[in-house]
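Heads up, there are several structures right after this.
In what follows, chain A forms one complex with chain B and a second complex with chain C.
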Partner chain A sequence: MGTLLEVNHLKKYFPIKKGLLRRQAGAVKAVDDVSFSVGECETFGVVGESGCGKSTTGRSILRLLEPTSGEVKFDGVDVCKLSPEEMRKFRKHMQIVFQDPMSSLDPRWTVDKILAEPLKLHTDMTAAQVDDRVKELMEEVGLPSYHAYKYPHEFSGGQRQRIGIAKALSLNPRFIVCDEPVSALDVSIQSQVLNLMKDLQEKYKLTYLFISHDLSVVKYISDRIAVMYLGRIVELAKADELFAHMLHPYTQALISAIPLPDPHIKRDRIVLSGDVPNPSAPPSGCTFHERCAHCKQICKEARPEFKEVFPGHYVACHLYD
Partner chain B sequence: MAERLLEVKGLCTEFKTLNGSVRAVNGVDFYLNKGETLGIVGESGCGKSVTSLSIMQLLPKGIGKVVEGEILFDGEDLLRMPEKKLLTIRGKDISMIFQEPMTSLNPVFKIGKQLSEVLRYHMKMDKKQAWEKSIELLKSVGISRPEMIVNDYPHQLSGGMLQRVMIAMGLSCNPKVLIADEPTTALDVTIQAQILELMMELKRNYDTAILLITHNLGVVAEVCDRVLVMYAGYVVEEADVNTLFDHPCHPYTQGLLKCMPKVDETRERLDMIEGTVPSPYAMPQGCRFAPRCPKRMPQCDTEKPELYDLGNGHKCRCLLYREGDQ
Partner chain C sequence: MDDLKRKSNQQNTQQAPQRATVWQTFSRNKLAVIGLILILFWVVVAIFAPVLATHDPNDPIVAEKFMHPGEGGHILGTDNFGRDIFSRVVYGARISIWAGVISVGISFCIGVPLGGIAGYYGGAIGNVIMRVMDGLSAFPSLVLAITLAVSMGRGTVSAMVAVGIVSIPDYARLMFAQTSSIKAMPYIEAGRAVGLKTSSLILKHIFPNCLSQLLVRATLGLGMAILTVSSLSFLGLGVQPPTAEWGAMISDGRRYIVSGEWWITTFPGLAIMTSILGFNLVGDGVRDILDPRNRTGS
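Right after this comes the complex of A and B.
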């Protein structure tokens, strides 16, 4: 399995401007030095709570947000160095599925128009070919083709998400960023969409970057998982390995906080105190130290290095120095 | 027998729409005992929130209306009670926590003002007493520096903090019944764990009965004593929490439990419930779950199932469990 995507020291800072002259008064470090790589046909899960920078990471990779610094290599090409025109052409290899299909589909366009748009922009298909492809795409995601002339509001949430997936698939991309694709859906619909995404991955040899706050969903779909906290990856491992031997205290708390659908299991839950700190003024050293039960002096002073503790299992925590 | 606080009998709620009226809740029966936590689970549109709004009589005026049934609280029917009397119960004896704490607090008033309003109205406290009690309440729900927080506006607090404020408000008059409508859905898992812990602690301390409305079966397993499963306006299964998770009877409940991805197991593929919830304008004639049901029988399309009693408080609305059919 070759490496398809390589992210090195990616940073995305949002400036905070103040005063009459809009001078920069600080920065929100939404993504702060994140590095990872994703193999071909792999599903790489990113989990974390709201505000941890998982969506910003996904969007910076696609340059929907311009990264502050860092390198994103897609199949050997440094995406950040491409000119706008080159980037526009390159986008057909990398697509995204958004969380809320209602706000990411144009409400005034019919489904066939939405799905035809990328084909018209990126390929030189004839009108008839475009029509066929649209029908094929709809079939592919399990929507009968008589829905083609309907507007997005006429569909249910699950169907809209299928349209979002069809749109992402239309140009045969190799890589799709899935930004909370099932978070707005009911459980019974969620499982349909997840299974569909797995089928499509197998069929088209797709690579997913799967972003979600729901650990059980991420565990189901991912090969490897990165846990993010306040703009940094704190732990990265194979999905099974992560759940069997979680190392970082934050991962442990996060996993123990999931309510399990079994009334007989009584667990010792690690309940974190307090909220996620303000990302514009993150705590010194390890950003988790204020909420951590194992906090030592060094945690307040030095940022822990992100390193390999077991083969393929990376963690950023001073407990494993 | 435990003291029965709230009893809902044959509740039917209708909404007026441009295409005629739609029945969102169809003959729901349940009771709530003192100190008990009853969960109502179901997917969006199954009528779980409408049930709670019907109890509180907070349905949008002129659009939603309870058309049949009784809601007995302490032996009195809330539906036939004069508005004035209802005002003394709502917020005091029965209070409610909503899903989105960000939108259910008034953005232009300070937290302290909103909390003391409840206390001044129901407990007849004066301004100063109410302000002090507000600080005390915030402390009891685990907010640090409550003296400062009372002077803050809602937008200055995080979602988890606001939900704590809502809980403090809900509990301010020591209610007998607390209705929590998706109290943790908008929150992160670690914050959800904090809030659930807090609700359970308060329940133990004050012996409050809780009606918890959620779509998350994990939350149900964790905190509820009994559970109602709703589908398309009907209660399809009722059982105590252990029975429901060990021996789910209705095919819908079975499907729901199977299609959830779980952290403590690895699966190649998730089970699915095919199709979608039927549109309220085109409900199936017989059992409303029949078109999606893997155990569908010919009679399911024509006959409406009743809620059959399976013993020990376990009830199921499915023709599979009808006497004589088995």
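Right after this comes the complex of A and C.
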């Protein structure tokens, strides 16, 4: 399995401007030195609570947000170094599925226009070919093609997300960032859409960066999972490995919070104290130390290194020094 | 299985429910229909003015002044110079409708791009544009219109241009607010994600989504513009005598209300009222049509 995407030391800081002259008073470190790589046809899950920078990571990779620094290599091309025009053309290789399918589709456009837009932009298809491709795409995601002339608001949430997926697929991309694609959907619809995405991945050899706050969803679809906390990856491992041997105290707390279907099962729930710290003034050392039950002196002083503890299992925690 | 197949075949061949036409949505609003009838009435009157007018609107017949409505073949009577009021109201429709269209056109064509640029790019450019707009709208609109009309010289064109300039900030601000909120919508980000250029993003996705608000504003603005041009003419700054214009007619006749010649002011007043009412009612109807949630596809 070759590497398709390589992210090195990606940082995205949002400046905080204050005062009459709009001087920069600080920065929200939404993504703070994140590195990982995604193999071809792999699903790479990213989990974390809201505000931890997982969506910002996805958007920075696609340069929907300009990264502050770092390197994003896609199939050997450094995406961050492309000129705006080159980037515009390069977008056909990397697409995104959004969280809210209602607001990510233009309410004034019918489905056939929505799906035809990327085709007209990046290909030389004739009007008839575009039409055929639109119909094909709709069938592909399980929507009867006679829905083509409807507006987004006439569909159910699940159907709308299928349109979003069809749009992302339309240019035969190799890589799709799925930004919480099922969190706006009913639980019963979630599994349908997830299975559709799995099927499409197999059929078209797609690579996914799957962002979610729902651990069970990520566990179901991902090959490898990265856990993010306050703009940093704290743990990264194969999905089964992560759930079997979680190492980082934060991952342990997260996994213990997954609701169990059987209410009679007793378990040790790790409840974290305090809130997520302010990302514009993160705590010193390990950003998790204020809420960690195993906090040592070194945790307050030095940022833990992100290193391989077991083969393929990375963690950033002083407990494993 | 066969049953299922037949069913899905049926679904495929079945005509989907017809799209509610623009007219169907519009006609549900009875007041808007009344408004449209009023507008159409005045447009027809303006177009066929030479046919409808019974007399030369600007020809004073001294012997026939202050005739009551209906007297001596003058349907709505005559004014203090003996000019036929009916013919003058009919010809006045031409001026008023032109005044509305041109001044709204000016403010729309200048205000919308300014507001769009300010809203999309924001930052320093946006600030400069919007502060200038704030400056413009700090003046009471009629006072500013009077100042501009005087400085450009009296006349119909300068009145229209003055009224147009005065309402630029309205459109700019509306477009600014719409653009700033729409540019934050995920479907704009989705457009960038497929690689749309900024220009097509603005023209294909942002502008059409602002259009409904703008059209409503423009329709309401037409009424306001007619009124303001009439006001300027009333003050002697717009249309110059002897040209027939509703505001100027009221101005001419105002001295005679007390002495009992009510018809000189009443009929142009009614004309102004009905035309503005028409545009305002249609404005509300347009709002309903352009809401895509009232539309269904086929």
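Simple rule for what comes next: the second predicted complex is superposed on the first by the 321 of 321 C-alpha atoms of A that agree within 3 Å, B and C clash if a C-alpha of one lies under 4 Å from a C-alpha of the other, contacts with A are read in each partner's own complex, and residues count from 1 in each chain.
We adopt the following convention: a residue touches a chain if its C-beta (ideal position, glycine included) is under 8 Å from a C-beta of that chain, and two chains touch if they have at least 3 such contacts.
Owing to the predicted nature of the structure, the values given are computational and were not obtained by experimental measurement.
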{"item": "When chain B and chain C are modelled together on chain A, clash or fit", "value": "fit"}
{"item": "Partner chain in contact with A:Asp100 - chain B first, chain C second, else both or neither", "value": "second"}
{"item": "Chain B versus chain C as contact partner of A:Gly158, first or second or both or neither", "value": "first"}
{"item": "Arrangement angle, chain B at one end, chain C at the other, chain A at the vertex (C-alpha, nearest 10°)", "value": "80"}
{"item": "First (chain B), second (chain C), both or neither touched by A:Leu62", "value": "second"}
{"item": "Partner chain in contact with A:Leu254 - chain B first, chain C second, else both or neither", "value": "first"}
{"item": "Chain B versus chain C as contact partner of A:Leu21, first or second or both or neither", "value": "neither"}
{"item": "Partner chain(s) touched by A:Pro144 [first = chain B, second = chain C, both, neither]", "value": "second"}
{"item": "Partner contacting more residues of chain A (chain B vs chain C)", "value": "B"}
{"item": "Where chain B and chain C come nearest after superposition, their Cα distance in Å", "value": "12"}
{"item": "Parts of chain A lying in touch with chain B, wherever the complex brings them together", "value": "49-50, 156-159, 186-192, 194-195, 198, 213, 215-217, 219-221, 240, 243, 253-264, 269, 271-273, 275-276"}
{"item": "Complex contacts: residues of chain A adjacent to chain C", "value": "62, 64, 87-92, 95-96, 98-100, 103-108, 110, 117-118, 121-122, 144, 146, 149-151, 153-154, 167, 171"}
{"item": "Residues of chain B touching chain A in the complex", "value": "43-44, 158, 160-161, 188-194, 196-197, 215-222, 241-242, 245, 255-257, 259-264, 266-267, 269-274, 276-277"}
{"item": "Residues of chain C touching chain A in the complex", "value": "11-12, 16, 185-187, 189-197, 205, 208-209, 292-293, 295-298"}
